[in-house]
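Presented sequentially are two complexes of chain A, the first with chain B as partner and the second with chain C.
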Partner chain A sequence: MGPSIYKNKKRIWVFLAPAFAFMVVYLYYPFIQNILNSFMHIKYMGTAGGEWNSPWYKNYLTLLSDPKMRIALKNTGITIAATIIGQVGIALVLSLLVSNIERGSGFFRTVFFFPIVVSATALGLLFNLVFLYDKGMVNQFLQFAGVLNREANQLIDWKSKYPMFTMLTPVIWQYVGFYFVILLTGLAGIPEDLYEAATIDGAGRWQRVRYISLPLLRGSISTCVILAVTGALKVFDLPWTMFVNGMSNTWLTGTYMYSKVYSDVDYASAIAVVIVVIGVILSAAVNRIFGKTEDFQ
Partner chain B sequence: MKKKKIRFGMIVVYLILILWALTTIFPLCWSVMNSFKNKKVIYNNSFALPFGEAFSLENYRNIFANYNILSAYRNSFIISGSVAAVVILLAGMAAYILCRYEFRGKTLLNLLLYAGMMFPIYSTIIPVMRMQAKWGIVNSSSVGANLLSVILPQIAGNMSFAIIVLRGYIRTLPVELEESAFLEGCSMFQTYFRVVFPLCKPSMVTVGIFSFLWSYNDLFTQMFFLRTKENWAITILLNNIASKEGVNYGALFASVTLIVIPVLIVYMFLNRYIIQGMTVGAVKG
Partner chain C sequence: MRKNHVITLAGIMAVSAVLAAPAFAEGVTINVTTTYAGEDSNAQNFKDSVAAWEEESGNKVEDSSATSDESFKSRIITDFEAGSEPDVLFFFNGVDSNQFVEQGKVVSIDEIREVYPEYASNMKDEMLGASPVDGVNYSVPVNGYWEGLFVNKDVLNAAGVEVPTIDTTWEDFLKDCEAIKEAGYTPIAASLQEIPHYWFEYAIYNFQSPQTHNTVPESVDDEYGQAWVNGLNDIKALYEAGYFPENTLTATDAETFQLFTTDKAAFLIDGSWKIGGITEAVDDIDHFAVVNVPGKGDRKTTDEIGGLSMGYYITRKAWEDEEKRDAAVSFVSFMTSDEVVSKFSGVSATALKDGASPDVSEFNALQLSALDYTASITGICPAVQDNLSAAAREPIFADMASIVKGDVDAADAVAAVLEANAE
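Moving on, here comes the complex of A and B:
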């Protein structure tokens, strides 16, 4: 179809070429090159691959028995689970609450979303201070509340005692507002008369949530879970700022990949390939679990 | 009786919401507050307000004296501004064609478009590094070339998202305006730049802000390509201050405040566009 004025297609490539050229040169080509790199031997960062590894899948064999990679995979798994439960869970509760109030929903939207626009580097630094051993915000709060006593040496060294908790708290906290907005938009799309009909039939507040809101939010929730999973695989800035070089064994696949980038280039490429593969498999799995619901929006 | 129960429930609802709002606001206020206190005061009580005796500009004096904050801001604005401008221009043109024209290969281009959002930066950065090293724009003696080596990959990284958002917006525009432009003899270029482009402004603002912020905050790319002091943008500068100042908490509070303030100001005025852009873009991908 297409309107009749759009029949002359001779010069459309002039408009298409620049945008797609950027993507070909900076995304598709390097992506394929990276897969090849993971089978080659590369001496220095910034140089081309020399010969093929022998056996060609050598890096992947090494990955299987690399204890740090095992830690990174385990931690990434924990991160994914924590983001699904923590981020999407908290966001779901908050969005259901906000959809029930009459005043102030715009304010909460703006405030909840704010941490997302702040750089994760700044937040990592800030949370280093929040979780500081002496005079950190959390420990000071607990002191004021009378839970901890400084003189009795009861202060908690968050970063070395509970490293994963300390790292994941800001990671989760930062993006709750993001899923909150998506779910809130989903909730706004549910027709009001459904709730009215249910109320007439005697459904209480909780029953309306359970039998109307949640089933109809399925599509939005599935979108959120996919974004949380792929987001968890991309997390870098915050863990890197808080725990440089995987301090206290807080490696994630992303930070571990970066730590290898200069010392073992082709090995880092292989880690990157693993990150992509995990992302694709998990997204497909989420789609499967939630079923093919119609696209949100 | 029933009414009272609902009221009580509402109070609990508001309490929970306000509690979460406090977690998003308070840490930043805490940071701004402490940035105006000297080490000793921070150490005595980090919750005290920086008034009277406690107030000090020492941290900021310190930071500005030891680090070239202004040059980092300048570099950041050059990088992120160029990324936003180029993305708006090129993505808008491509979105227009993909929305209005039917042509062979369109399905393939759409497929490539969605694929473009799937690649994590990890999977492209090493070959990009090599390619740009070969072109001589990495570790170059010219600041401009080094900044360019961050700008180009960031443009590509935002392109898919931008095209998808803009295409969605162009679809909602009435085609009649373009038809009358055509009847008056406008070419494809004129129709786009004189009719479609101006109408897309709200959506362009969304895309522009999103690309700008994404680029401003992106530490990973900056770590690869901005390796010397004079090339540092604000995010990598902050990272370096963090590793150098270690236990000088006042300096850390001040630098967090400095990096967040421009973003906070932009957010206060444009939060509607930002929220819309970031969620719509992510959801549609």
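Moving on, here comes the complex of A and C:
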């Protein structure tokens, strides 16, 4: 054996082939078929497209004038901004703080990461109770604090009055820990020598963060932002659990696509194509903005 | 050596277990999906009947029943498309079943009778509920349904309002709602975002009659289309008057139902299946009753919504599985026998040739009031929504919030429904 394993490339292809075949069958073939479906008339979910739409790009024309799609795109834009600022931003602050403490970082790593292991549906149900109109946790707290009139049973319908805030709070909260762990790992990869040298040169804590941590974390931040942007484009389960059928105009591209799957299959396919296209464009844009993808060279 | 012995012994035990397994296996397991779940009056009856059939036949039931709503309907359709449909299905016999009927995924009663001549022979064939696709009977019904106005008498007393009678008009009802609202209660418990269809049915029924209600309009401008528009505008008026819960556009049905059972709301339009749910949810059932929904225009207060809209289907997949075929037929025959149907029917109609014979002596106050209610009915008509596919219903049912808030014009919503229905 020994180094000869690297000379015979055929063996590598044998091991790569199953994974490649799996991706072709279960990802790329359905994706291409989905593009075709978006130009066809499909009567029922799961049935083959019978004929081409007339005109063949009919669904894409409808998308342009669909008010719900406009709402979905606007809300998805808000969600992307909220996830970049809320998820990645908060995760960055937390990771910088935790990286500066000598003891207990493992504890915080576990505590912040924990929401990730809870299913989004369970979190949705949990936050339904938190924001429940009658006897919900937030309304009870506000009554207790005197913000709402307890005697008159004054209540806030959070899902109606502040729908985006109510929906995005748990979405952001759930994934902060995920990005926190990525950024903390990135920070751990920065050589301690650099901080020591900077300290000797008289750099303060903020200057070490500004001129060492942040520039060398560029790759990790870029990865987090790409994941946050693409994640926001397809986020579905938690918003759907809390705001079924886009109630209070909370449509997102993911939830709107799902709502159409059973009633207008080919239109849902067109929405899926749009989601992928936007995802690719935004990922490329993020890559361009952050330039280098390596943490440091 | 010792390690080898352990491995050999483990191997022998594993092989023995596999070989011995068929000797212990008894009967057949069939997958069954129904709507007898959650707050359905017959949820417990269903469990009891399944247990009785399992004991009698030696077969097993894998039950995946769920509450009937749009999600349930979507799940069933998806299961059929994905090839994971149940062996026996208790489902709607209207347009909702068109897809799997068209695709030949359920077996007609005539085909079953070629092999099992006695199948559903205790039922009146003309009442089985023929498919809209081809007029052929595929399902065997158990009990019918009606939709009525459930009332919380404690809330009415507190607001100084009488329980509505067959003489109560729509105008009287509106005055009652105003009095209830002024007394600090919610007049109507309803989640317009999740379950708007009971109010849709009665609101448009108010502009029609039992003879015309079950007709899908051809255009928004025809007589039926205008009835739909007027009905939707009446729901909008009720919303604007503040008669629905403050969070009706965001609340779930469970939340608004809780308002009704915890003495915070006075009225609830729901189906006969809700009797069990109310009975379980309240301490004193004597304080609840079901009455006629006050009428308007051509619709008399005693004209109601009801019919036999669901039945047991045997899927093609089970029929062609020789092991499961007998079990599926036996299960449906058991669940639609005179005895079981009488147990399920309670205060609703059946398709039994000999009629049902429920034990009235065990009825509670709400069930007895339901008997009075059904006795008062002078005209009955099925829900017109059963003539619409899920896609066609969407512009009204999924968008009721936009309609009542005025973001979408009622006429535009009806036009969108008719357009989707025509596709």
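The rule is short, and it goes like this: the second predicted complex is superposed on the first by the 272 of 297 C-alpha atoms of A that agree within 3 Å, B and C clash if a C-alpha of one lies under 4 Å from a C-alpha of the other, contacts with A are read in each partner's own complex, and residues count from 1 in each chain.
We take it that contacts are C-beta pairs under 8 Å (C-beta built on N, C-alpha and C of every residue); 3 or more make two chains touch, one makes a residue touch a chain.
The structure presented is a predicted model; accordingly, all values stated were derived computationally and were not measured.
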Clash or fit: chain B against chain C, after overlaying the two structures on chain A? clash
Mind working out whether A:S259 is in touch with chain B, chain C, both or neither, as first, second, both or neither? second
Based on the superposed arrangement, let me know which partner A:W56 touches: chain B (first), chain C (second), both, or neither? neither
Based on the superposed arrangement, let me know which partner A:V25 touches: chain B (first), chain C (second), both, or neither? first
Please indicate which partner A:W173 is in contact with in the superposed arrangement: first for chain B, second for chain C, both, or neither. first
Touched partner set for A:V244, first chain B, second chain C, both or neither: both
Going by the touch definition up top, name the partner, chain B or chain C, that contacts more of chain A. B
Is A:M45 contacted by the first partner chain B, the second partner chain C, both or neither? both
Report which listed segment of chain C has C-alpha atoms clashing with chain B; options: 75-83, 237-245 or 327-335. 75-83
Do chain B and chain C touch any of the same residues on chain A, and if so, which? 45-47, 132, 244
Can you check the complex and tell me which residues of chain A touch chain C? 44-47, 132-134, 155, 157, 159-160, 244-245, 247-248, 259, 262-264
Parts of chain B lying in touch with chain A, wherever the complex brings them together: 9-10, 13-14, 16-17, 20-21, 23-25, 27-28, 30-31, 34, 42-43, 46-47, 90-91, 93-94, 96-98, 100-103, 109, 112, 115-116, 118-131, 133, 138, 152-153, 155-157, 159-160, 163, 175, 178-179, 182, 188, 191-192, 213, 216-220, 223, 235, 238-239, 242-243, 249, 252-253, 255-256, 259-260, 263-264, 266-267, 271, 274-275, 278-280, 282-284
For the complex, which residues does chain A have touching chain B? 1-3, 5-6, 8-9, 11-12, 15-16, 18-20, 22-23, 25-31, 33-34, 37, 45-48, 90, 93-94, 97-98, 100-101, 104, 107-122, 124-130, 132, 135, 137, 140, 173, 176-178, 181-182, 185, 205, 223, 227, 230, 233-234, 236-237, 240-241, 244, 254, 257-258, 261, 265, 268-269, 271-273, 275-276, 279-280, 296-297
Which stretch or stretches of chain C touch chain A in the complex? 74, 77-78, 81-82, 99, 193-194, 246-247, 249-251, 255, 258-259, 389-391, 394, 398, 401, 420
